[in-house]
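Report on the following structure.
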Amino acid sequence: MGRLSVNLCGVELENPVIPASGTFGFGYEFAEIYDINCLGTFSFKGTTKDARFGNPTPRIAECTAGMINAVGLQNPGVEKVIAEELPKLKKCFNKPVMANVSGFSVDDYAYTCEKLDKEEQIGWFEVNVSCPNVHGGGMSFGTDPKAAFEVTKAVKAVTNKPVIVKLSPNVTDIVSIAKACEDAGADGISLINTMLGMRIDLNRRTPIIKNKMGGFSGSAIFPVAVRMVYQVSNAVSIPVVGMGGVSSAEDVIEMMMAGATAVEIGAANLINPFACRDIINELPQVLDKYKINEIKDIIGVVE
Amino acid sequence: MGRLSVNLCGVELENPVIPASGTFGFGYEFAEIYDINCLGTFSFKGTTKDARFGNPTPRIAECTAGMINAVGLQNPGVEKVIAEELPKLKKCFNKPVMANVSGFSVDDYAYTCEKLDKEEQIGWFEVNVSCPNVHGGGMSFGTDPKAAFEVTKAVKAVTNKPVIVKLSPNVTDIVSIAKACEDAGADGISLINTMLGMRIDLNRRTPIIKNKMGGFSGSAIFPVAVRMVYQVSNAVSIPVVGMGGVSSAEDVIEMMMAGATAVEIGAANLINPFACRDIINELPQVLDKYKINEIKDIIGVVE
Amino acid sequence: MKQVLFSVKENTPLTDNVYKMILTGDCSDITASGQFVNIKIDGLFLRRPISVCDREGDTLTIIYKVVGKGTEIMSKMPEGTVLDVLTGLGNGYNLELCGENPLLLGGGVGVPPMYMLAKELRNIGKKVTVILGFNTKSEVFYEDEFKSLGCDVTVTTVDGSYGKKGFVTDALPESYSHFCCCGPEPMLKAVYKSTNTSGQLSFEERMGCGFGACMGCSCKTITGYKRICKEGPVMKKEEILWED
Amino acid sequence: MKQVLFSVKENTPLTDNVYKMILTGDCSDITASGQFVNIKIDGLFLRRPISVCDREGDTLTIIYKVVGKGTEIMSKMPEGTVLDVLTGLGNGYNLELCGENPLLLGGGVGVPPMYMLAKELRNIGKKVTVILGFNTKSEVFYEDEFKSLGCDVTVTTVDGSYGKKGFVTDALPESYSHFCCCGPEPMLKAVYKSTNTSGQLSFEERMGCGFGACMGCSCKTITGYKRICKEGPVMKKEEILWED
């Protein structure tokens, strides 16, 4: 493999760039505009046991250097994902994909992962215990170490594929939650999911988002993401996937120096649909600029 | 009073604009460039029992739409503040000022507030239980409801002036901490203090900040601030002072619609030293634009 | 979808707050009236979706109303400004459904997409009736442009200060083969109720990406969930499911 | 301190990555050499502090090295660009301490402030000796400008590719009344150690505001805590306390 390759939980990636779940659908919208096989992999749309429409609209609000979304896990449900989405994906993506899974109970998570486990296209599970946009579930699993432990354990019991747990930044002590997941057998940690945010329509005097609050993402949250990636990667011995406001090749380098083995890119894909391709193309020059031989050399280089 | 006036814990403010602690010194640097009596009030540099130099430099890092600081409560200590700073302030500011106080133990807070209580210039105490830049203290009081309760109670015992407790956003449940302060007798809540963030120098492969992490502020954090102001003001019955990334008259309106009775402005002062004066001057047009008669009418108008 | 750099050739006000911007660049992905483009604006995070008013070779015409920061900045863009634009977004109107004498209804900034549609329909020899709805006389624009296409044009104003007093639905003709409509939701609902033929309606929603990736603008229809930016913005009358 | 709008009159490279920018605007608050200005750059949060190289009436000259995003953007600013600048920041050099034949030492981008200082000292008839230190020949700038002020100028390069081989401290003259120095910290330390007169040294630090409000650039001195942006950047040799 080349100088961009990294190894994520035993699976080799051609490069560390991974479009984040919810910003890349099931890949084929992007495959229409570029060959997505240039990606390390990508994390597909958060999938749940049953089909979900998600939240009422408006679901989107703009912020300085970022945006708020409250989509609320819209997806066709795991059966349809397997029957319809994965076959379509297979036509345009020939690498292992990351299966992003959400649920409203420990059993939900286990059920969905067990179904998906049989699909050979899937290389990793990304267990989302941090969706800020669904009530009575989602984030609550990611704000309590015990709950995060239970979900991780249940998923590990139904699959032999690497399980990466995606954590919420909306917590007092991110390290304790990451450690709970590691103790439960997680093979990796990904962070940060969106921050809980809110904007107001000054004319209507109501929240812009129908759901009032939503997940805040974009370059604005990058410094919080770098901090948490640094804290977690120094506290656990499993790989960390860094994300949160990454929008340039330099941001990718910064995340990896902070401790990330691979880097997910979210909101940037929505503004520039070619963002991930462009960043992958820029990376070699940026490595030269900072006198980095192989990108894996800088993982967690900051003490 | 005019259409901009608000009442903060029983004290009338000519307008809701308040420079935030740590971005306005003890006022006189700004008094050199404009008459600071146009301000509602301001919150002076965080004061502790003993003099502090603060953290080693570099203390500052830039971010997209914001900055990180790790000053670490540099201040001359409460005796010198009373003996030297307040007399200087008196010469350029004839309104009640907000005394921002920090400490490393419950007794510290009580000691410092008791000393300052005798100063008639002081109209409010802003008890900072959320400084992210001092170890073994500061923020820890603001991340645990019990500790926040104890500090609030101890300060209330030594002063009859309104006590506003300044909270950290780096928590899972901001509401539980705000309620603990209210239960302990707090007269108001101010939030949000800075978010814990980190940036890396890609050439040196070290954190930009000598202390590694610091407090992230600036327009980038505004959506998180609006969300927390909304959550807290809907959960407590005491006034809330909103802050976090406010940098325009429109931001002030948004904060107040979210539930703030007054609004603090921090990082914006460092970029544009005239920011608070300019915002105060803009407010009347902005009220007209949004068909607001008196600014107090919109406090918490969002349901 | 294509990502194209356009340069501003003209940017002039049509009314107090409605502007016409003519852009030069690769329009090859704009294949139907009713489609929109998504414009990156320096200093703002999200792109701004604006419907296509006309497209001739390399010339793209859009008409936008100044409603916020983004359109405010656009209104001040001098000639020569270079813009990063995603083109050819959305499905657009289906001409084959229109029949021989279609009725086109546009309200406010819903008027511009009707222009390209009318032009296409006239090009294939259809008899086109157009009703343009505005609040008041000072907001009226593009009446003559539709006339010069050879359309039968009626203008309505809510306050009666120009044309026929009332809403577009107060000016419906005796008979028409099909209707195409674009405007604010209350107008869409009124047209939906007061028409008796098949029709196509164009919807609006706050969008994240504008090309189907973020699910920010989903809506429910009789035929399932749709993304207004991808399967829309134009919906067939039969498939519409009013939320409230 | 004043907030002033300046317009770029000239912006030209002196070396591969060092640029000279001439600005027009109100310079009345710039009262001493060694002071700096703080420049707002669109799209970046913090202002960029740059030391004053010269000031004549309404004309301000600054010299900056492209080291990051901010200076990168500056280097591309065309003539006519309008900049929001805070002027007259910092204390600057005290001429009264300089004596009859002061020694001025500048290293790299520490050279520019020495120019205005040399000019002021020559204007009051002092005999000025200047030592300019660079890494290599291609980085040398402003030698002639100092000569035309009538200074005795020595240039040193670390690799000996131009002028005297070595550091500025390898070129110290026999005698001088006082020294003024600006350059990277290692150079300041070396000069501090190898000089035997009183002197003034200019320090650098990452700044938040640049005008004394944020305490971001504090340092410890023998006479107490100082803000490099306010009580500094120029410190008397006697008051300096080296951190490490």
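Lettered A, B, C and D in written order, each chain numbered from 1.
Just so we're on the same page, contacts are C-beta pairs under 8 Å (C-beta built on N, C-alpha and C of every residue); 3 or more make two chains touch, one makes a residue touch a chain.
What you see is a predicted model; the values in this text were computed from it and never measured.
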Via touching chains, subunit B connects to subunit C in a minimum step count of 2
Chain pair, most C-beta pairs within the contact cut-off:
A-B
Based on mean C-alpha positions, I'd like to know which chain lies farthest from subunit B.
C
How far is the middle of subunit A from the middle of subunit D, if each middle is the mean of its Cα atoms, in Å?
47
Centre distance in Å when subunit C and subunit D are each reduced to the mean of their C-alpha atoms
58
Mind checking the centre-to-centre distance between subunit B and subunit D? Centres are C-alpha means, answer in whole Å.
36
If a residue has to touch 2 or more other chains to count, which residues of subunit A qualify?
61, 63-66
For the complex, give me every residue of subunit B touching subunit D.
22-25, 29-30, 32-33, 45, 53-54, 56-67, 69, 71, 74, 208, 218, 267, 269-274
Subunit B - residues contacting subunit A, complex:
61, 63-66, 68, 143, 170-172, 195-200, 202-203, 205-207, 212-213, 216, 219-224, 226-227, 230, 245, 250, 253-254, 257-258, 290, 298, 301-303
Per the touch rule above, subunit D residues touching subunit B in the complex are 1-3, 40, 44-47, 86, 205-209, 211-220, 225, 230, 243
